[in-house]
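First chain written, first letter: the chains are A, B, C and D, and each begins at residue 1.
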Amino acid sequence: MKTKKLINDGARAVDEMLVGVLAAHGKHLYAVDGSPRSIVAKDGPRPGKVGLVIGGGSGHEPTFLGFVGKGLADACAVGNVFASPPPDPIIECAKAASGGAGVLFMYGNYAGDVMNFDMATEMLSMDDIKARTVLTTDDVASATRDQKQKRRGVAGNFFIFKAAGAACDRMLSFDDCERIARKANDATYTMGVALAPCSLPQTLRPNFDIGTDEMEIGMGIHGEPGVKRDKLQSADRVVDDMLDRILAEMSPSRGDKVALLVNSLGSTPLMELYIMNRRIAERLADIDVQIHATWVGNYCTSLEMTGASITLHHLDGELQAMLDHPCDCAMFRAG
Amino acid sequence: MKTKKLINDGARAVDEMLVGVLAAHGKHLYAVDGSPRSIVAKDGPRPGKVGLVIGGGSGHEPTFLGFVGKGLADACAVGNVFASPPPDPIIECAKAASGGAGVLFMYGNYAGDVMNFDMATEMLSMDDIKARTVLTTDDVASATRDQKQKRRGVAGNFFIFKAAGAACDRMLSFDDCERIARKANDATYTMGVALAPCSLPQTLRPNFDIGTDEMEIGMGIHGEPGVKRDKLQSADRVVDDMLDRILAEMSPSRGDKVALLVNSLGSTPLMELYIMNRRIAERLADIDVQIHATWVGNYCTSLEMTGASITLHHLDGELQAMLDHPCDCAMFRAG
Amino acid sequence: MTIDATTLKSIFSDIATAIAADRDRLCALDGVIGDADHGIAMELGFNAARDAVSALGAEADPTTIFNTAAKAFLNAVGASSGPLYATAFMRAGASAKGKSVLSDAEFVEAFRAMAQGIRDRGKAEPGEKTMIDAWVPAADAAASASAQGANAVAAVEAAASAAAEGAEATKAMVAAKGRSARLGDRSIGHVDPGAASAVTVITAIARSLTAAQT
Amino acid sequence: MTIDATTLKSIFSDIATAIAADRDRLCALDGVIGDADHGIAMELGFNAARDAVSALGAEADPTTIFNTAAKAFLNAVGASSGPLYATAFMRAGASAKGKSVLSDAEFVEAFRAMAQGIRDRGKAEPGEKTMIDAWVPAADAAASASAQGANAVAAVEAAASAAAEGAEATKAMVAAKGRSARLGDRSIGHVDPGAASAVTVITAIARSLTAAQT
């Protein structure tokens, strides 16, 4: 049995999507001439500013390309569904984003992305564009604490890119932008849970099997298996399990501030996210952790996967300033 | 087989959602004391301003409560899932929204909502609050053209509320606010298509049956049957069918302007919406209709229903000014 | 028989029990031509009505009981059924005004008032495929049985059969009011959920009266 | 035998055909421990490589063919397989530098360079449950067969069997590189999709060479 999608041809889905994105968001975005997979902010790159280039596979919309705009990323290299972009569009993005002060590459820590961005970095050095890389590794479920550098980047990208984008927009030095990006990554913790799979447009088949009463705690945003398979629990219990894992790592002190993202993986509606948020707010109030700002909705999806993730972004004064810095993107505005 | 949801108890889902909404959006929203189903904009109602009260069943989030805020609705009465709110919370909303210049009730044209809001109107007249009603009837599929007053209100609410909210925010007279609201409704046309059902939190059962290769054109946002059941077609064909019906009614002239909403009913991801948007933009360019602004995403959902809707909002100078008027809501910002 | 507070309260309690047992069938019927929530709305409404009237003292008069039920039902439900049943109970309350208990004929009069309330609130005509198509024949049957000297039990039993026939007849109708009115001919062949639940409600009243009598 | 442009092009074409036929199995394998797209990536990549090299003239030298394939594969795919196979082809191109056709030994040398390219790019060690676990034993088997005087066909056939054994052995391994590295012990019992596709690729090369020889 095939899944149902409103598409024309699975193989053309990403390119057709991009045409639709540009048609909708021509005020914010354009594609590099001759490189339709390189999407650039109209009001982003400028001389002297560190350029921020993000990228990754498609299917996570509004991640990544929705976060391109003034105050956030300057450009986004777009891959096939759940596949890193190749070096060419990355290189074009870097050229478009470069203001002479260096280019920061930020993306989730996946083998494919690392290899492709690294190839692009090598090639760019021939063009005298200095690119540095900060990998996002916010997925608490994907490796033990002592192996944080092995973790995947997931919905926490949102806060990490936001911090780096603000640093770049404030014309901070290349070193400072990189430092803030790393700090934001270190301060960001995500846990996800999946209830039902998505399917790739090219195959129209569920990309994993799961029982009708099961959930997968720690599922990756491409359907990679997580830390455990369990019977589906109540929202409060699921939230507690996820938060316990996050808080054990973050170990906040009383009075600490966080920003919070309650994210749908695709099909889980706002009603359920807000029910989860109720419990999260209760739990954080119990330990006297202050929620500086909350976002709830579809921020980092896996096509139509059912499930949700919780991200805490542990703020200090500097990260809070970056978070509060305004941004204006095609699919996201803040400040 | 029951559907899977991240909830605690179906019967408490709406109330728990509202707690979560207020926890997330305390800067924008509060609930009337003693009336938790009456959600009010912190920065909305003020003396001399016509109050805009919207409302309807839950399960369509961000419609309705996401559109409460400065420049849009002053308050929202929240019903059970897919059920009109009773008169009491409507009355409390009207009192909170009232600035002495009249209160406009706006909601989708459903028998239940009409009866409950009408009862509230009767009761409010005893409190010397004048309430007038503008029903939204944008669903082209739900009655023939000569019976527009019988049509349902669906995703086009977004534009209609936006226009009315701007008129109220600009301190226009009660008559003008009502006139603009009616004009916006008359200028708004929506067609939806559903591929798979949602399920109510209280029953956890699919709320309609549909074949694995079928789609329902004109499906209502509560799963009410539409105008026809068909084999699923390509995105372009589906868009063409929907647009043909809309354009036949709107009959735009060359050079006319529209605003466009490509809306997910819940589970249909952005990738598919943008693929649809590509075709819509192509079609409108062909007939020389200019797209003044486009919104793409989850604006009026039916829990986790799979499907999408297209709304065209036919602009004249006045409606364009209303659309461009800034608003700042918990779940939506523009201008 | 005289119908007192205790009997009225047990009627609400028995309706709630019957509707709860019928919930999933009513949702399924509503799923076909509506939004699949009718059983939920009715269950919520009658549970709230039962709870509210059972909290009243034994000295509560019929009007207070009906009005209390109306308010509770309305605020628990909203939807279409909320105003329709709330108005039904308010009208029953008005018809019972000033009485401390109801005679058989007065109860049948209150029952008729309920049907009239639903009709006034919803402005539906018979034949438009709504609960009116069960309630109106039911009220007529009860009234004519009562006019012919039947007691309340017999009158409401006659009402229940008439409601059942009326509900069955909605299958052939094209919906013209309510959510399914947009279906046109596609609504033919399916029982209206509100008419179906009316049968459950009226049958429960008849049973409850029978039990109270013995 | 001498391996010329026509043979090299037909090799790419035969790999593309074999991979396309194997697509769904590879996606399914990737679904178990990865993101279910490996078949798609390989199909896209080899289709692009085939199309690009087939557009080259008959006078194209092996280096040009390999480099063209590398670029086409890379830009069509991205993902993990893109840089890995692109680097493989670039290394094969470098090993063939200056030659207008390849001898049996030179072809085997290019084949070894491919494995080395994958290894250098991915920095995976044997035993980490990646395509390396098919490619490294395959390259070793080809090299030793060639050293013992085998022709290209026999060498690549030996490579194909070694790859198949290597892929089968990945079942018992815990993934330490790539997307499935986060699974820990849960990756045990499943064949690595990249190793599985390597078998398909190498077997297709052997078949293609056999066909070219006759």
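To be clear about the criterion, contacts are C-beta pairs under 8 Å (C-beta built on N, C-alpha and C of every residue); 3 or more make two chains touch, one makes a residue touch a chain.
Only a predicted model underlies this, so the values are computations on that prediction, with no experimental measurement involved.
Set against the C-alpha centre of chain A, every other chain centre is closer than that of C. Separating the CA-averaged centres of chain C and chain D is a span of 74 Å.
Remark: chain A and chain B have CA centroids separated by 29 Å (rounded to whole angstrom).
One simple way to say how far apart two chains are is to compare their mean CA positions; for chain A and chain C this gives 54 Å. Centre-to-centre, using mean CA coordinates, chain B is 32 Å away from chain C.
In chain D, there is no position where the chain touches two or more neighbouring chains simultaneously. Looking at chain B, residues 81 sit in touch with two or more other chains.
Taken as a graph of touching chains, this assembly forms an open line, each chain in contact only with its neighbours along the path. Under the contact rule defined at the top, the touching pairs of chains are A-B, A-D, B-C.
On chain B, the positions that touch chain C within their shared complex are 11, 57, 79-88, 110-112, 115-116, 119, 141-143, 150-152, 200, 202-203, 205, 207-208, 220, 222-225. Looking at the complex, you find that chain A touches chain B at residues 1-2, 4-9, 13-14, 16-21, 23-25, 58-59, 61-62, 66, 81, 193, 195-196, 201, 212-213, 215, 232, 234-236, 238, 260, 262, 266-281, 291, 294-298, 301, 303-304, 306, 308, 331, 333. Put simply, chain C touches chain B in their complex at residues 24, 27, 31-37, 39-41, 44, 74-84, 121-122, 177-183, 186.
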